[in-house]
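By written order: A, B, C and D. Residues from 1 in each chain.
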C-alpha cells in the first residue's frame, strides 16, 4: 500500500517536472547554441516569458477557418502531454508504467502530428499546406525507422513497454552492443526530425523555403499559439527523456523506494544537460538540409534500423 | 401404328400440306397448331417408353423421349414468336417462298424428332441428312448475296460431313457382322449397345472417327464449324432459333450414343480405343477457337452462332471426360443451353422487329444498342438471356459448368486449365455486350414501342432454365442419372 | 430439393460466419437507409453475400460468391460503364480459380488457387488494380457495402478454407505467401491513396491497404499455426478479425459521406472541394470519425487492430530463421510506411475536402446531407464507438471464433487501454482550457487570415486567387516525387496494371487476330482444315492401334 | 468365268484408278469424262455385286447410278460448261505433282487403318472397304485443291461414288442403305442445279473467287 502511494507521488512529481521544465529546456538549448556562436543569446527562461505574453494576447481567428480551428491546439497538446506522462523520466515503475507501450506512444505522436497538420490546412492558405506536405513526407520515413527500432528493442528486451525495456537494459546484463549503437543513431535521426531541429527544420528561422513546423502554425495567435509552442517544447523534452531512459538507463530511481529518488533526479538532469550540449554542438556543426535531402537522411536511419536488427541476429543476443 | 411413328410422320405430312396451301399468316397459324399437337404427342410418348414402331427402326428410349419433348417445346415457342415475325415481314417475301419456309420448318421438326427416336443408324443418318437439306433451302430463302454464299458454304461443308457420316455408318454395320450377322439387327442401336463387347474394336474405332466428323459437322465442333455463323446470320430469324435449338442436339445425342458403343467395347477389352481423347480434343478446340472469335463480331446473330459452337464444344468435352456425373452434366448443359439460346434468338428477333424489321441486315449490335429506350421489359429479358450465357450464378449454366469443372478436376486435372481459360475469356466477351446493348443511348429516332405478348415465351424459357438448374424435380434427376448411367 | 441437381445445397452457421454476419449487418442497414433501399440488384447482392457466409458445402459457397459478383457487376455497370468489363473479368477469374481449389485435395496447389481466386476478389496485391477503378463506380450505398462487405466476404473464404478446411495440411510457406501479398497491398494501397485525387478512389485504395493489413495478420496466424505456436496465431487472428470489423464499420461510413458530398456538390474530386465543414457540419464530423479510423489514430476504431498487428509481427519475428528475420524486419518497415501514408492520406482527405476555403462555387454552396444518409452514417459511427474505446470487450466477444480457428488458443489481455488514455487526455485538455481561461485574456477577434502578409483577395475572387490556393495533388507532390516515381513508374501506372493486365490484354488481341484469320478462311480453306484434322485423327488411330 | 468377287475387286481397283486420275486433270471437260467413267464402272460393279449376293436392291442402285451419275449429270455439267464457256483450265491450289504425292499418302493411310495386322475371316470385304475409303479421301482431296466451284462439285461426286462402292461391297446391307444413297444423289443434283443457276445470276461466272471476295470483306 505504501509503495502504491509512493508511486503516485513519484508520478505526480514526474508530471510536474516534465510539464514544468519543458520550456526551460528550449531556453537552455537556445542559450547554449548562442554561446557557441559567440552571441550572448536570450535569458534561459525567455520561453516562459514568451508563453506568458502569448496567453495574454487576444487570438485573431481567420474568417476562412472552420469551427475546428480552436480544437486542434487542445488535441495536439493533450496527445503530447499524455506521452509526457507515459515516458519515464527520473524514475522507473511509475503508475503509468504498464501503459507506456511503444506502439501507443508512436500512435500518440501520430495523433499530435495529425492535429498540427490539420491545423495547418485549416485556413486553406499556401504556407500551411506546404508545411503539412513536407511534414507528411518526413513522417513516412521516420515512422518506418521508429518501428524497426522498436522491433530491435522488442527482440532484445522482450517487453513491449518503454518501462520494461528500460528496466531490462538497466539491470539485465545487456552491455554495449553494435546493434544498440545503430539503434541509437537511428533514434537520434528520428528525434531530430520529430522535434524539428536544425538539419531537418529551423525552429528559430522564418525563411518560407525552410519552414515545416513553423509554417503550419502561421495562422495561429494568442493562447492557441501558446498551446502549440508549449506542445513543441514538450515534444523535445519527451524525446530527450526517451533517449535518456532507453540508452543511458544507469542511475534511474525506483518509484517504489523514496531513497533512490534524489539520485534518480540528479542523473536525469545530468543526462538532459549532456543531451542539450550534444544537440547544441550537432546543430551548429551542420547546415539545414534541402527538403528532398531529408528522405535520404531518414532513409539512412531506416537502413541503420534494419542493420541493427540483422546484427542482433548475428550476435545471437536474442533472449526470450 | 404406334404413337412414336405418329409423332414422327405428322410434321412431314404437315410439311406437304403447308408447302402448297394457305396464305403466309394462315400458314403460320397452321404451323403453330401442328407444333402444339406434336409437342403434346412428344409428352404422351413418355407414357409408353421403349415402344418399337415402323418395323423396329423407330424406338423412343428415355434419352430420345426427353430431347424429343425439349425439341417439341422449343418448336412450339418458336412457332408462337413466328406469328409476330410473319406479321412483321409479310410483304418482304412472296407467298410462295412463305409456303416453302413453313414447309421447311416442319421438315426440320420432323427430321429432328426422327433423329431422336431413330433406333436404326441408317434412319438416323437419313433424318440428319434431311434436316441439312431443309436448313440449306431455309438459309437460302432471303435471296441476298450473303444468304446464297452462306447456303453454298452450308451445302458444301454439310455435304462432306454427311458423306463421312454415311461411311461411318457403313463401317459400323461391317464391324457388327461377325457378332450379329447381316440384316436389320446389325443396324439397330439398342441391339448394338447390347452386344457392344463382341463388335470388332478396330473397325468400331474407325467408324467412330468418321461418325464423329460427320455428326460433328452438324454439331458444329471446332474444325467443322465453318457453316454455322453464316447460316445463323443469313437465314430468316425463327429458322435460326429452330436451327440452334434442334439440329445441334440431334448431332450431339448421336455422337453420345456412338461414344457409348466405343466406350463399352473398350471397357470390355474388345480392342477399341477410348473415345475420350477424340471428343476432348474437338471440344477444347471449339471452346478455345470461339473464345477468341467472339471478340471481333459486329453482327449479333453471328456472335451468338459462335457462342452455340462454344457450348456444343463444352458438351462434347463433358462427354469426352466420361463417367456418369460428367455425362449427366453434359446432358444438363445441352438442355439448359438449348432453352437459353432459343429464348435469346426469339428476344433478338423481337427487338430487331421493334427496330425496323427482322430482315438479316439489321441484327448489328450498333443497330440494336440502347434497347431500354425501345421497350423496358424486352430489354431486360434480352439482357437476362445474354447474361444467362455467361455462366455467372443467376444463370442456370453455372450449375452445369460447376459439375463439368468439378468432374474434370477429379478425372483429368490438367485439362481444367484450358477449359477454365476458355470459359473465362468467352464469358468476358459475352458480358461485354450487355452494357451497350441495354444502356447505351439508342440510334436517332427510336421511340418507346409496345412489344406485344410474344415475348412471354422468352420469360417462360428463362424460368424453366432456373427451375432445371437450381431446383430440378427429383423424378427428372433420377431419369437423367439413369440415362447417364446407361450411356456411361 | 433446391441446389445442385441431385445433391442439393446445405446451409449452416458457426462462430466464424456469425462474426462476419454481424460485420455485414450494420453496413447493409446503413446503406439501405441511406440510399439503396429500393434497388433489387442491391438486395440480390446482399443475398449473395449472406448465402456465401451461410454456405456449408462448396457449391453453396461458390454459388453465393459468384451471385455476389454478378449482382455487384450489374450495379457497377449501372454506375459507370468503363470499369464494368474489368470487374466482370476479375469476378469470372476468381470463380474459375475457386472451383478447382475447392475440389483439389487439401495441399499447396489448392491453397495457391484459393489465394489467387479469393485474393483477386479481396483486392490483394498482384490482382488489386481493378478495385480502385470499380469501387467508386456504383452509387454511394453500393460502393459502401462493396468496400466494407464484399472484400470481407472474400477474406472470409480465405479464412474458411485456409484455417478450417485445409486446416491440418497447412505449411509455413502459405503464411509467407499471404504476408507477401498483404505487404505489397499495404504499400501500393497506401501510396495510391495518398496520390489519387478522386475522393472515392482514395477510399478504394485505402480499402486495398486495409485488406493488405488483414492479409498480413492472417499470414502471420497461418504461419504460426503451421509452426504450431497457438499463442502467436491467436494474437495475429485477433488483429486480423478486429481489423476486418473496424474496416467494415468506418469504410462504409466514409463511402456514404463521399456519396453525400457528390450529391451536395456534384463532384468528389478533392481539387474542387474544400470548406465543406462549414456547409455540412454534421456530415463533416462523422467523416472526421471515419478518417480517424482510416488513419489508425489512437482513440479511433482503427488503432486497436494496428496495435495488435504490430505486436504480432514483432512476436513472429523471433520465430523464423535468418531469411524470416530479414523478411519480418522488412515487413515491419512496410507496415510503418503504410501507417504513415494512411495517416497522410486521411489528413489530406479531411484537410482538402472539408477544411480550408471552398475551391468551387458548388463546394461553397453545399448544404447538409439529407436525413437518411446522416442516420445511416450515425449507425456506423455508433458501431465504431465500442471498437474505439473498449476493444478488450470486443476481443472477448470474438474469442469463440479464435478458438474455432486455432484450437487450444488462450487469449491474452490487450495491453492497449484506450479508455484511461481518453480520460487522461480529456483531463489534460480541460486543465489547459481552464488554465488559459483563468490566466489568459478572454475573447477573440475574427479577422482576415494573415497569409504571410498577402493582401485580402479582391471582391471578384471570393475564394482568393486560385493560383495560390493549395490543392490535394500539391500536398501529395513531395511523396509522389520521392516514392511515387520509384514504385509506380514514370507514367504513374499501377504496377498491377503495368505488369499483369496490360500484357494480358495484348495477348488477347493477338489471339483474336489469329482467330479472325481462321474465321475469314474461304470455303476451300475450311475444307482443307477439316480434311487435315480427319487425316490427323486417322493417323492417330492407325498408330494408336499398332502401338 | 473369273470368280465373281475377284472381278468386283478388279472393278473397285479401276474406280480407284479413275479417282486418282481425277487429281491430275487440269481441264473441266476431262474431269467430267473421268467422273462419267467412274460412275459407269461403279454401276457395272453394282450389277455384279447384285448378281453375287442375288440382292435385287443392288440392281436398282446400279440402274440409278448409271442413269443419273453415268448419263444425266455429265450431260448437265457439259451443258453448263458450254453455256458459261468454261473450257479454260482449272487453277489448282498446289502443283499437281504435290497433290499426287498426298494422294498416295492418303491411300497408304486408308490401307493402314482398315486392314488389320492379323488377317480376319472377311479379308475380302476389308480390301473393298480400304479401296472405298481411298476413293472417298481422294474425292475430298480433289475438293480441297480446286478453286473452281464446279470442280469442287465433281470432287464431291467422286466422294459419293466411293460411298456407293462401300455400300454395295457390304454383304447383306438392308434395303434402306440403297434407297438413302439414291436419295442423296438425287437431292444433291437438285440442290446443285438450283445453286448453279442462282450463282450465274449473281456472279456471272462460276469461279469461287467472287464468293471469297465477299468473305474477305469480313463480317
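What to note about this one:
Operating definition for what follows: contacts are C-beta pairs under 8 Å (C-beta built on N, C-alpha and C of every residue); 3 or more make two chains touch, one makes a residue touch a chain.
Nothing here was measured: the structure is a model prediction, and the numbers come from that model.
Summarising the inter-chain contacts, the pair of chains with the most C-beta pairs in contact is A-C.
Spacing of chain C relative to chain D, judged by their CA centroids, is 69 angstrom. Separating the CA-averaged centres of chain B and chain D is a span of 31 Å.
Mean C-alpha positions place chain A and chain D at a centre distance of 99 Å. Listed for chain D are residues 113, 140, 143, 152, 211, 215, each touching two or more other chains. For chain B, the set of residues touching two or more other chains reads 152, 156, 160, 164, 202, 206.
In chain A, there is no position where the chain touches two or more neighbouring chains simultaneously. All chain pairs in contact, by the document's touch criterion: A-C, B-C, B-D, C-D. Residues 516, 519-520, 522-524, 527-528, 531, 534-535, 538-539, 541-542, 546 of chain C touch chain D in their complex. Of all residues in chain A, those touching chain C in their complex are 55-68, 74-75, 77-79, 81-82, 85, 98-99, 101, 103-104, 107-108, 110-111, 113-114, 117-118, 120-130, 132-134, 136-137, 139-148, 150-151, 154-155, 160-161, 208, 218-219, 222-223, 226-227, 291-292, 295, 302, 305-306, 309-310, 313, 318, 320. In the complex of the two chains, the chain C residues touching chain B come out as 1-6, 44, 48, 59, 62-64, 66-67, 69-71, 73, 77-78, 81, 84-85, 88-89, 91-93, 95-97, 99-100, 102-104, 508, 511-512, 514-516, 518-519, 521, 523, 526-527, 529-530, 532-534, 537-538, 541, 544-545. Interface residues of chain C facing chain A in the complex, by the touch rule stated above, are 194, 274-275, 277-278, 281, 284, 295-299, 303, 306-307, 310-311, 314-315, 317-318, 322, 325-326, 328-330, 332-337, 339-341, 343-344, 346-348, 350-352, 354-357, 415-417, 420-421, 424-426, 428-429, 432-433, 436, 439-441, 443-452, 464, 468-470, 474-479, 481-483.
On the side of chain B, the complex with chain C involves touching residues 152-153, 156-157, 160, 164, 202, 205-206, 209, 212-213, 217, 223-224, 226, 229, 271, 273, 278, 289-290, 292-293, 295-296, 328, 332, 387, 390, 392-394, 398-399, 402-403, 405-406, 409-410, 413, 416, 420-421, 423-425, 427-428, 431-432, 434-435, 439, 468-472, 474, 476-477, 480-481.
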